[in-house]
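Each structure below appears as structure tokens.
Shared between the two complexes below is chain A, which pairs with chain B and chain C, respectively.
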Partner chain A sequence: MSASPLRQMRALLVKDLRLELRTRETAVAMGLFALVGMMIFQFAIGTRTDDATPFAGGIIWATLALTAVLGVGRTWVPEREQRVLDALLTAPVPRLVLMLARSVALVLYLLTVQVVVVPMAIVFFVRDAAFSDLGLVAVVCVLADVAIAVVGALLASMSVFSRARELLLPVLLLPSIIPVVIAAAGATHAVLGPGNALDEYWRYCVFLGVYAVVFGLVAFATFDHVLDD
Partner chain B sequence: MSSTIDAARRRLVGLGAVTAALMALSIVGVFLVAPEDADQGVIQRIFYFHVPIALISLVAYGVACVAAIMYLRRGGEKWDEVGVVSVGLGMVFSILTVLTGSIWAKASWGTWWVWEDPRLVTYLVVILLYAAYFVLRSSAEDNRRARYSAVYAVFAFAAVPLSFYSVRVAESFVHPVVFTRSGADMPGSMLIWFFVSLVAITGLFATLLQLELLQRRADRAMRDLKNRLETLMAGT
Partner chain C sequence: MRAFGGRRAVDGVDLELAPGRRLSVVGPNGAGKSTLLRILATLLRPDAGTLELAGHDCDHHAQRARPSLGYLGHDPLVYLDLTAWQNLELFGDLFGVDDLRNRIPDALSRVGLLPRAHDPVRTFSRGMAQRMGIARLTLHDPVLLVLDEPYTGLDAQGARLLDGLLEGFASGGRGAVMVTHELGRAVDLADEVLVMRAGRAVDRCDTAGMDAAAFAARYQELTA
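Up next is the complex of A and B:
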């Protein structure tokens, strides 16, 4: 008798997180990449102005989007490198559970990086940020991460079985998450920018939620076909 | 097989003739009959082609999405071919939309591109999304190519409604919105030529789709014949 889907998902998630805790390959690389990325954006944009606050949302989310590509790119790679991918695919686990476990693991990786990177970015780029603003930015992070993770898990599953997958994934993923970057940057700017525009903030949050739900449904409907062999 | 190809060819000739007549009628109507816009002048006439091309590009992606769903449910090379040809035509129409939109923007707003307008930006995102379709198709292994393309066509089409939703979120006032909930914001003498142009562009899409599918079907028939001949030759 096979375990319930919830237990299967928990087992897969624990396996992913344990692997990451042992090696710390993905989260550390993503964190360092995000910091370097923010520095590059600072020199590209920030030095042209005394106050980088109006650009903060854009810098933060452009960097985090590129960082997400690294995290999503690592999806399925440990299994492939350690040759357990076929075993995982032949295990009596519904494909949807595999996708959900991947998505939750991705959300956790992204949140881990953001817990360090976003406060640092606020210190670097934002003048007069209030402590309460951090909570609102955290909501944006969670919504955007769910959207990125759902899309990322689906696209990573296709790219892992394709040729030139390192090139393919960014080409597939980055256009898909541009609306997320636009909305997340807009929401962050609405909170951190001059004059808290909470109406605008909630509109962007709703957009992020709708995006996550729409692509969640698409992934739900199509994921079985991606791993159909 | 050859009789069905012949029948399809005859249908294509008929469709092509009707489309050519409609295109000629719409060009005459748009440039010689439709009244000139009092505000924008002659450049407004690009609207009669820009909007139908944009709409039909979205229809092409819709056709690709339906073909993808049919492929995932029933299989069959035919649905994969309809999908890939529709996405290809959608890309051509999308690029034409951006070009005509750019020309219109330069004449009306004094700039080739406006980043503040989310509809333009999201339309560009849709183009990039579908450009990635071809990268995926060329990278996927042979036995997975059609399946992955189908999944991606469904996935990318989900981005299309977001392009309309994003307009409402960002409350842009740059992009003109002609068709509102209360109806079309233009007189009937203009509206009629818009619809003639829309039907002509729809015919153009249908003709090009049929042409490409017929060519692919003929290629497949030729390949089958060659394989059969090779088998026959090997037997003797």
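Up next is the complex of A and C:
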């Protein structure tokens, strides 16, 4: 028998994607939530100003941060509801592998939502956006998603045994990802806002990368103990 | 010892199980049976004391002991929205089982679920789902079975299947620890019975030549 971490991670990821394809409970709910959020911003801001471009970055990332909370909140739900957690925890899977698989699944859910929501937000809120800007925004999405997913998977796992987890998770997660929202909104604004400020864009991107690496290291150092009793 | 909020759920239990031996753990509700089992399954750490499984010190190397373990609770511990095959594929990969393409049909046919291999477990009856749990439990060929009231929800056929599994397991030199409320089964299927009350082991006896009715009387006395 050979239980390599790579094989285990692939199995966990395939499981998450199979569950999502069958139940459509996470990505679809996140997508609908993000669309409704965008529409609310459109009515609240878009219809009251001639040019919402300066607010676009903030609107996009405020919506996506709340959407991410919804997605992170669904983490471990099938395991808890279907009581599979004990089976996973008695399997010889390093806890870090469990977290990495969760993080990758979260990144995929977030990217799926963003593929629909970000272009829509640009149409709603940005005047004269260039097609090439989408590529730069995609880089921001990937970096911010990795950062959110690492923190989200860590906090979701910390609160999995908590009785008040539905309350605890947003209370812990939202303040933790404020730096990500600020940087991602800043980078998006630097691309979509008036006058492309590429220096500023790259500074924010580096910050997002550093944030993801730092929290990745924190997760690496702590996760083995998080899911253990 | 393991305490929850100052209450000692398991206290001073000293247990050793030789290969090929089966142990039943019985006791009234709240006796600490399930907590003891969760410690044995490496799901809980004892607050004091040590646990060694298959030669591995679980305080520091629980991960190394886990491939030797098979754990089944009241629930089958499988994903209801995955098919039987997908569940076994997942747990086979997690335990590093080789040749899954042949092992999965074998495991499913042992529990009579091969014709339903590609149906989601959610469409199974309670007993079928529990049989699915048995297939998951045995797929990686564990050395020690840790079973918490595994007969819950099983029909007569499923119960016979589990009986046979436990007997075959012991004859193969492997061990089993089972919590049950059925005293007859505890005596018939195990080599030893451990009686717990208020977190403590109050009796441990060999079942060889033991009469189930006599044990029931003794149990009443011990747990009164």
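Note that the second predicted complex is superposed on the first by the 226 of 229 C-alpha atoms of A that agree within 3 Å, B and C clash if a C-alpha of one lies under 4 Å from a C-alpha of the other, contacts with A are read in each partner's own complex, and residues count from 1 in each chain.
The definition used in the following text is that contacts are C-beta pairs under 8 Å (C-beta built on N, C-alpha and C of every residue); 3 or more make two chains touch, one makes a residue touch a chain.
None of these values were measured; they are calculated from a predicted model.
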In the superposed arrangement, does A:186 touch chain B (first), chain C (second), both or neither? first
Identify the partner contact of A:225: answer first if only chain B is touched, second if only chain C is, both if each is, neither if none is. first
After the superposition on A, what does A:19 contact: first (chain B), second (chain C), both or neither? second
Taking the superposition as given, does A:91 touch the first partner, chain B, the second, chain C, both, or neither? second
A:10 contacts which: chain B (first), chain C (second), both, neither? second
Pick one for A:49: touches chain B only (first), chain C only (second), both, or neither. neither
Set intersection of chain A contacts, chain C complex versus chain B complex: 228-229
Residues of chain A defined as touching chain C within the complex: 1-4, 7-8, 10-12, 14-15, 18-19, 22-23, 78, 82-84, 86-94, 228-229
Sites on chain B touched by chain A in the complex: 72, 118, 121-122, 125, 128-129, 131-132, 135-136, 139-141, 143-144, 147-148, 150-152, 154-155, 158-159, 161-162, 165-166, 169-170
Help me check something: in the complex, which residues belonging to chain C touch chain A? 41-45, 62-64, 66-67, 69, 71, 73, 75, 77-82, 86, 89-91, 93-98, 120, 136, 140
Using the touch definition up top, name the residues of chain A that touch chain B in the complex. 154-155, 158-159, 161-165, 167-168, 171-172, 175-176, 178-179, 182-183, 186, 203-204, 206-207, 210-211, 214-215, 218-219, 221-222, 225-226, 228-229
